[in-house]
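Alright, structures below, take your time with them.
Heads up, the next two complexes both have chain A, just with different partners, chain B and then chain C.
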Partner chain A sequence: MMSFLVHILVLCSIYIILAVGCNLILGYGGMIQMGHGAFFAVGAYAAAILSTRTSIPWIPEVLISMGLALVVGLILAWSMVPLDPDFFSLVTFGFTIVVVTVLMNWTSLTSGAAGIPGIPGIHLGALDITQGGGFLLLAAILASASMWFVYLLVRSSFGRALRAMRDDDIGFEATGRSAARAKVYAYGLGVMLAGLGGNLYAHYISYIDPNTVGVDLSFLVLTMVVVGGVGTFTGPIVGTLLLVVFPEMLRFIGLPASVGGLIRQALYGFLLVVILYFRPAGLMGGLDWGKRPRWLRFLGPRPPANPVGPDQEVAP
Partner chain B sequence: MIPQIVVAGLVTGCVYALLAVGFSIIANSMHFFNLSHGGILLVGAFLTYFFKVKLNLALPLAILLATVLTTVVFLAVASAVFMPMRARGSAKWNVAMASLGVFIVVQAAVGIVFGTAPIDVTGGTVPRMFQLFDVRISSTDITIAVVAVASIALFSVFVRTTKVGMAVRAAVNDREIAGLVGANVARLELVVFGIGAFLAALAGGLVAMTGAVSYTMGLDGLLKAIVVSILGIEAGVLGALIGGLALGAIENVTMYATASSWRDGISLLILMAYIYGTVYVRRTRKNR
Partner chain C sequence: MSTLLAVEHLSKNFRGLRALNDVTLEIAADRVTAVIGPNGAGKSTFFNAATGNIKASSGKVFFRSRDITNRPPHVVAQQGLTRSFQVPRVFSTLTVLENAMMGSRHVFGEQILQALVRRRKMWQADKRLRDRALESLRQVGLESAADRNAGSLGYAERKMVEIARALTSEADLLLLDEPFSGIHDDVASRIIEIIRELPSSGRGVCLIEHNMRIVMSIADYIYVLDHGELIAQGDPACIRHDTRVIEAYLGKGQSNECA
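Up next is the complex of A and B:
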């Protein structure tokens, strides 16, 4: 029971890293991101290949995972600058499928559909953080760090510029800044977090194959952000907790294993429809920074409330 | 060998075109990407299987019943979810995301009811084969191609000649002006959605005819619908038909040359090449 709880919390931490990255792109950058799965794949396969074939320590390896996702993301985003928002989302979607296809077929590197088994756990110096509490601690620290990173980024001058660009890109460019640059950097940093999530996931599950990293994962992360609240700080976290914890509860009502995954899938699809219908700004939309309790004041001054829910035109 | 493969690809391409025509009229008139389009295909195919194999109906009747029933179901979904959201002025990506949710639910429901393994629909009957020069083509393939092309032609005639069709075109062209001159735009959109759903469900029935239905065909169908409708975006119904045929043929040839696992990657690469091509070519022209 205890180990199951730890397992759920580790998954939550990993998905939170993915969701806050997606929120940076979708919520603050206003770009429809259907390609998170591809960058998760980049991070996860970098981890799998490096740690099964070389004896590189974890810290440089995770930096390579994130750096690779960052570089690929910057290049992709830079190439997508002149596209209109519909085509932008279709290209990110297409990119995910192309990446999965390449992983399926580049068998000498990725061993194709069979996947890469036996990915070792994480060793930090003498510490062996493979399973259980140690891994949870690491994942939780990295999830908090990711949240903190996005929080600081959004409050920085770059974040203000990004949100201004999202709300009115022509007006933004009239102030003499480059909307393209803000978009490209936000996209790169968002998918860098996806690379980090992928790295942790590969080490934690110790097995990776092309089917776990594809379009379904992109959709799941997108759902987490949309359900929680696009462009809110707490939204992706709430969405992730809901979508990871709630389906796991279904295990306890004794469903046969064969339909368990499908019922979970049906549940998150249903949740997506219901939230978009009744609360288009997401669960935390409008609640995000309304009143901060005294004991949370240490977080610093309250960031400006987010006037743009997704029900206004995110992408013109 | 190559002509054989191209012909087989063209038959698949007819089904792609059917999907793409439905997808693009919904996208043009209701201004959102209907990501549940793959779900319509999936339900159409599995209901065809259900009527044919479980209830032992004749195949044409099974396809017709399945198509009509699927259309009714998705019209209900559209009037319960998509239309109210649009009436409230939801952003188009919110409606698209809701349709993605519908797709996920439908796919899971099909998996729960029918299982996730591919199911045989033919029941062991072998279709008659015809020989044309060095291409062998089965009676099933001929039926699929004829039905698909005929439905697209019928749709085209409907949109061009009837009064409802004219109203639909007017609403696609300018929603507000069409409303001003007395068209009930909301109802027209529902008509358009119904037509699109009918075509997609029919495509599902036709796919079921080829022999097997499987749980994963919904996402495949959605991909093809997106790719072909973008490829044919400038040339209307004929563009969708040509795009579908071309994609089917190209896919089959590349699958023959490499491996079947490249199929989805190839079609999405074509899509990305097209998008980048048009955007960058147009930009350089403008700059000149």
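Up next is the complex of A and C:
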């Protein structure tokens, strides 16, 4: 039971890293990101290939995972600059499929559909972090660091400019700033975190194949952000906890394995519809810093990075 | 007279439609220039072509003698030429104050590394910028709304937010597209004063305006466009009595006796 709880918390940590990165792109950059799974794949396969074929230590390896995702992300985002924003989601979606197809067919590098088994745990100097509490500690530290990283970015002049670009890119350019540049940077930094999440996941599960990294994952992360509250700082974290913990709870109601998976999928959909019906801006939409109840004020000192969504009347 | 913006033989075709036809004009730093003309005369097209929001079909645009023809809008703005829009483009999830702050383009902390590691310096710069933006908001009479989301404002207030943003900017020339449309008279007189003050503080202004009473009271020099062509130019007194201008506005057959 304890190890199960640890397992859930590790997954939460990894998904939080993915979700806050996605939120930087979707919530603050205003780009509909359906390519998170692809960059998760880049990070995960970099980890898998490097750690099974070379003896490179973990720290440079994770930097390579993140760096590779960053570079590929910058190139992809740069190529999408001339596109209408509506096509952005399509291109990122297509890119995910391309990546999965490459992973399936580049068998000499990725073993194709068979996947890469036997990925070792993380070795930090003398520390051997493979399973359980040690891995949870590392994952939690990195999740906190990712949240801190995104917090610093969005609560800054950079974040203000990014939100301004999201609100009106033509008005933004009239102030002498390049909308393309802001988009590309936000995208690159967001998917860099996806690379980090992928790296951790590969080491934790110790096995990776193309089916675990593709379109489904892109949508899962997107759902976490949307359910939690797009463009709110706390939203993706709440959304992640909900979507990781809630399905796991179903294990305890004693459904036969044959229907359990199906019911899980159905409940996902149901949950999504219910939440978005009652709270279209997400669970934390409008409840981020500033407007939260008094007893939660300790979470944030100054008022807000505002959520996207219908214009909100704020008392003067 | 020091010329800030010089436009030479500027034309813009939208397929068959000549929206701008061989327009040549100059906008000076030390006076308020107005561009007037009937609906569809090509006034906004002129602004858009000058600032790179649309590509000119032919002709040249120079700002401070530098060729900015068909450069992207943000590059034009970096040269020191900012603008407002006919339908105001405010950042709706930012507060009014943040909108005004966005006018400045030298903001410490917009670089990613600065935002991550030079937090103290960033907040100090932010505080100075905030004071400057508040001053702009005070000028246009929006300081009481500083903390509201710009998205919650009405049309007239959004226009004021755009003007405050332009005032906060470091630009040498402000192009204002119909700053008085939908604005209450009391506010308008306040804005007229602000605009009249700008040339003496070393910033040129060019505005598009429909309301002739305001144009005559605010402009030092007027260009008149009709059907994409420059049909007249001169000071207000001269424009008021120009037969071609009266014809453009009221139609042929009107003598200038009734003007």
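Quick note on the criterion: the second predicted complex is superposed on the first by the 295 of 316 C-alpha atoms of A that agree within 3 Å, B and C clash if a C-alpha of one lies under 4 Å from a C-alpha of the other, contacts with A are read in each partner's own complex, and residues count from 1 in each chain.
The rule is short, and it goes like this: a residue touches a chain if its C-beta (ideal position, glycine included) is under 8 Å from a C-beta of that chain, and two chains touch if they have at least 3 such contacts.
Everything numeric in this text was worked out from a predicted model, so none of it was measured.
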item	value
Touched partner set for A:Leu76, first chain B, second chain C, both or neither	neither
First, second, both or neither for A:Gly159, with chain B first and chain C second	second
Partner chain(s) touched by A:Tyr185 [first = chain B, second = chain C, both, neither]	second
Touched partner set for A:Leu276, first chain B, second chain C, both or neither	first
Touching partner for A:Val259 - first (chain B), second (chain C), both, neither	first
Contacts of A:Ala41 with chain B and chain C, given as first, second, both or neither	neither
Chain A: partner with more touched residues, chain B or chain C	B
Partner chain(s) touched by A:Val221 [first = chain B, second = chain C, both, neither]	neither
Common interface positions of chain A, toward chain B and toward chain C	311-314
Residues of chain C that touch chain A when the two form their complex	51, 53, 72-74, 77-78, 82-85, 89-94, 98-99, 101-103, 105, 107-112, 114-116, 119, 122, 125-126, 144-145, 147-149, 151-152, 162, 165, 169
For the chain B and chain A complex, residues of the former touching the latter	33, 81, 84-85, 89-91, 93-95, 97-98, 100-109, 111-112, 116, 219, 223, 226, 230, 258-259, 261-262, 264-266, 268-269, 271-272, 275-276, 279-280, 283
Residue ranges of chain A in contact with chain C within the complex	149, 152-153, 156-161, 163-164, 166-168, 170-179, 185, 189, 231, 303, 306-308, 311-314, 316
Of all residues in chain A, those that touch chain B in their complex	32, 79, 82-83, 85-87, 89-91, 93-95, 97-98, 100-102, 104-105, 112-113, 215, 219, 222-223, 226, 259, 262-263, 265-266, 268-273, 276-277, 280, 310-315
